[in-house]
Amino acid sequence: MAAVLHAVNDLRMERVPVPQVTSERNVLVRIASVGVCGSDVHWWKRGYIGPNRLQSPTIMGHEAAGEVVEVSGDARGLAVGDRVAIEPGYPCRRCEHCRSGHYNLCRDVVFLATPPVDGAFCEYITWPADFLFPLPDHVSMDEGAMIEPLSVGLHAARRAGVRAGDSVVVLGAGAIGLCALQAARAHGATTIIASDLVPLRLELAGKLGATEVLNAAEVDVEAAIMDLTGGRGVDVAIECAGTVPTIQMAMRVTRSGGRVQLVGMPAETEPELPLYELIQRELDVSGLFRYAGCYPPAIELVAAGRVDVASLITHHFPLEQTVEAMQFAHEHKDESIKVVVTAGNGDGNG
Amino acid sequence: MAAVLHAVNDLRMERVPVPQVTSERNVLVRIASVGVCGSDVHWWKRGYIGPNRLQSPTIMGHEAAGEVVEVSGDARGLAVGDRVAIEPGYPCRRCEHCRSGHYNLCRDVVFLATPPVDGAFCEYITWPADFLFPLPDHVSMDEGAMIEPLSVGLHAARRAGVRAGDSVVVLGAGAIGLCALQAARAHGATTIIASDLVPLRLELAGKLGATEVLNAAEVDVEAAIMDLTGGRGVDVAIECAGTVPTIQMAMRVTRSGGRVQLVGMPAETEPELPLYELIQRELDVSGLFRYAGCYPPAIELVAAGRVDVASLITHHFPLEQTVEAMQFAHEHKDESIKVVVTAGNGDGNG
Amino acid sequence: MAAVLHAVNDLRMERVPVPQVTSERNVLVRIASVGVCGSDVHWWKRGYIGPNRLQSPTIMGHEAAGEVVEVSGDARGLAVGDRVAIEPGYPCRRCEHCRSGHYNLCRDVVFLATPPVDGAFCEYITWPADFLFPLPDHVSMDEGAMIEPLSVGLHAARRAGVRAGDSVVVLGAGAIGLCALQAARAHGATTIIASDLVPLRLELAGKLGATEVLNAAEVDVEAAIMDLTGGRGVDVAIECAGTVPTIQMAMRVTRSGGRVQLVGMPAETEPELPLYELIQRELDVSGLFRYAGCYPPAIELVAAGRVDVASLITHHFPLEQTVEAMQFAHEHKDESIKVVVTAGNGDGNG
Amino acid sequence: MAAVLHAVNDLRMERVPVPQVTSERNVLVRIASVGVCGSDVHWWKRGYIGPNRLQSPTIMGHEAAGEVVEVSGDARGLAVGDRVAIEPGYPCRRCEHCRSGHYNLCRDVVFLATPPVDGAFCEYITWPADFLFPLPDHVSMDEGAMIEPLSVGLHAARRAGVRAGDSVVVLGAGAIGLCALQAARAHGATTIIASDLVPLRLELAGKLGATEVLNAAEVDVEAAIMDLTGGRGVDVAIECAGTVPTIQMAMRVTRSGGRVQLVGMPAETEPELPLYELIQRELDVSGLFRYAGCYPPAIELVAAGRVDVASLITHHFPLEQTVEAMQFAHEHKDESIKVVVTAGNGDGNG
């Protein structure tokens, strides 16, 4: 049983064969929990992301955890029965990016649910052992699935160089923003300002470590940030809203010499940006594409109770209702943070 | 009233004049809390530290906080009545180290209680405004005094490059070790192993964030660390015990490519060290001298409740009993962590 | 005798008094060589730069070298007769930026020829000893004046993190671009592509280390860069042309995970920028404001013959013809790189 | 024909079969030039290195270049006839070190001439395509073989963080030291002091960029370095002599806050080291094990003429005289820098 995208608006539950392990994809995993990501919905409703286009039926879903059910001879460090988070992209291991540790930039990465590569809204997938990461017993399968968005947030905090004692603003407090917020906090940020338009998100932001939450529908966020920082601006801005005004704002509310980490991608690919701020105030502005080397520390942070990803999961659907899960996520953006599809025993907790 | 060191074992409480503000030392501070540091005791009992020697009577004490009582015209950002932590060394501001942000390496630093510079076991000192840092209302004067050892720990965690999800061992859990431990935790370390011989220290280590505490009197610490890390070793070792065996151990228990931060200084200045480990396993070993730029983030961490320095203060003495405070610290190393001398209203909480 | 700007288009040679050393500006320097910078001309022709406006008569000129003629008691490390490069901005030494080594971001910097601070198109200035850097005997006063633009180029190469073996493109090969190009080469860049519209600049670029020069009037620069790098893009792009199209191009011709260093500032302060490139290809884009800590290494590079700044000086004028020098620089942008005004013995070589 | 080490002092030229390409070692290379490394001689004369021991007959030689003569289907980026430098270790590509770009620390690396892995003193080897790096036409096979020691020197300069304008001392000017010296120069070091006991080495050091050469048989090297740096010490010390006294010296002659890069490994594995210097002057001391990601920039530097490795080759022997080549290198340490064995047409230039 798998959720296969055939065309725009045509996502179907179908029977698919159980895949066979190969020398590269040498572990068979029974899927337990899979988060619905905005990109899954985007593929479904638009049929493309950036320059990529759906060309043949493809299983969606890439935020996944499951249980190891078969291990081929050359898969090291894993055993049948291990509960694992699945890092959804494995790279070529041979290009300049792979060799230098920046494997997220590998052009030949095989990434779940990126057509034509099948994803994880299904019962079984095969995957390379070194991109499967065991979960401690007290970390649930649901939390295992959330390691994916947390890795984005962690990569953002790392690239932004958040240091202990820093002030950070997170613009946009959806699932990624809430992960970035917690990652910034885990790096020692002490002043953490979160802004959004959605009350549920801001409520969670406050619960998860924001020292100030700003509802952009009610206050002038930029003025509030400058006020909260005594006119200095924050050390680091992490932009997760993916809108042009918040990207512009990120550059204005960061202190001279500070860092702006862009995570969200707006529809407009060449917007007007405050270049004068960037240059004259000597900002460092960084892009971000997925993550590299973030699964192990992300699991550590969850296992140690330093980051709470369970609270981001607001809704569950069983695998057979994946289409309904996607529909729900699409229609209830303001009343949900993360919708998770569970397979097997259906409780997402292994 | 001040604790003046005249010679080895000759520390006296004496009346001294209230100092006058100058163009450089442009703020007059009424001292509230001052921690007793091992170096104060060392000066008292030995009369020297490294190549420096006591040559004329000098007031001891350099971990201090107090209240601003006079501000000269060119002191910016401070007002009478501000409660401040006192960064105890101000540099020349003009040498290569000062210009590059490493002002702790300035050869012309003026440092409290480093003969012939007088320290803070007294009622009033003058100090430059930019080395006084306001404390939020909810941070006590005692905590303000503890910003000094916390800055050492923070500088150690920074220089060691502790990252979120790292495993860290802190060898030696005295006041500095407990500060380093908490600083490592504030940077996101999730596995934190602490070792010491003193039960009180280990108890505090566990309370303040160590995930494992090892009593070196009871277990083979090196074997235990390797066992706890599955034979890999830790990402970072922070050596705060200042003994040759723990310094050697730090290099052996750190994973290949990991970082060793040396903080403690043993009596032996040229010990045998495991060079083969250092070279062949490509370690990075760093020294540490005081701190630079650590007071603001250290105060942030305390104010945000991310680091608990209050728990390190085990004993108080009033200013007039500074000699007794020093004597107590000297004789009860195993039953105390930090002894604080309080002046003025005597409660150390402003 | 000094070149005083009274108003837009009103630059006059006037007699001004010899300044007196003070406790801060504790050295008196007899000016020997001063470069004409585009910003000098901009002040003269427009009367403002960014938000700053000319409000009272101000001496222009900030790229300067001279000879020490008087040293007050507390100026260390300098003696009468020393030939020095003058770092044109001295900071407050007390703010967070100054304390962390990023003194170029100090809001209270005193910068030559930034109204109302007088500049160096004159015979004598006073300046703090620690912002005067002795020149070896074989480095000329003209070269000493050129340390200023070289420091901009060096700061650019440093911030861009140019590494040995990197491929670098420098867009815009005026004085700053040619300095950045040489700084990139000094950091070990092996493929160095330079582009401009002006033949003289490209000729110099080739002479000073560019491995490829591209005349944007003749070739499609973007296509040529991608072709020269086998479709990969360069490791680092340094944008010195200060035009929107070249800033956009810088982001497109940089490899995934590469670095873009913006130096030039276009008239348009909020242009459209290729955000998709920046985010999805995980670029690091950095602004730049002047420099910090660059004078000593810049002098080292010139003294060691690793950077040739003398070749950038295409024209000389004596101090009394400063207005003519400015006029020439303004009218002959394509036939000159750097115009230098020389005072005293007039040979610019001390 | 291959030089096979059977036991201590028992190196024999023997006929061996031409190896077959596999899915991992997917390229067949005809060897052209192979340098004799001290480690080859050490294996021959001692039969062990560190904890590794010769257990079965093994071909020696790991500094190699050759010509591609067969490429299997999945080897990308290479064609028959390509002239390539051979990076002598390929890692597992799957462990934490490999994934983070530090593949030199991989425990499962397959490294030429590290028993039981056969080396390159032979006619043909198979190797993975991504650890073969094409040489430009004007780079000779001999230079291709020298990319190996240059990579060590480059890794040293990188890890030491050599910056433009730095002062650097290189202690020990054998093949590795001369490569480190040139790598430091390529990173922009302007003051480069080299020391050794061997006149030939010092002569080459001077030719290849050292600004000062110190013969330790004639001068007090430590005093000379301090004198040359005005008592300040160097920014970076790179220790390539592998003796305890020079390692100790490296820590003493480095400025406060400077960096010490250890490359050479003395026989004594736990020597006495100046710990007080390391800690109190806040040094960063780094070990080094081989290199990672250095072949491409090393080739760039040679191709661009920025590093001269050809001058390090003092002697040639044909493949059939490999034993004599080893004997010569062993007996004439002071009259040779690098002895190269050439196969095929015998001129080492392809």
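Read from first to last, the chains carry the letters A, B, C and D; within each, the first residue is number 1.
In this section, contacts are C-beta pairs under 8 Å (C-beta built on N, C-alpha and C of every residue); 3 or more make two chains touch, one makes a residue touch a chain.
As the structure is a prediction and not an experimental result, all values here were calculated from the model.
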| item | value |
| --- | --- |
| Between A-B and B-D, the pair with more C-beta contacts | B-D |
| Which listed pair, A-D, A-B or B-C, duplicates the contacts of C-D in over half of its pairs | A-B |
| Distance from chain D to chain B - Cα centre to Cα centre, in angstrom | 43 |
| Whole-Å gap between the CA centroids of chain A and chain B | 39 |
| Per-residue multi-chain contacts in chain D, two or more chains | 102, 296 |
| Touching residues on chain A, where the partner in the complex is chain B | 154, 157-158, 163-166, 183, 186-188, 190-191, 211, 296-298, 300-301, 303-304, 306 |
| Parts of chain B lying in touch with chain D, wherever the complex brings them together | 50, 97, 102, 104-105, 247-248, 256-257, 262-263, 265-266, 268-289 |
| Parts of chain B lying in touch with chain C, wherever the complex brings them together | 76, 93-96, 98-103, 128-130, 292-293, 296 |
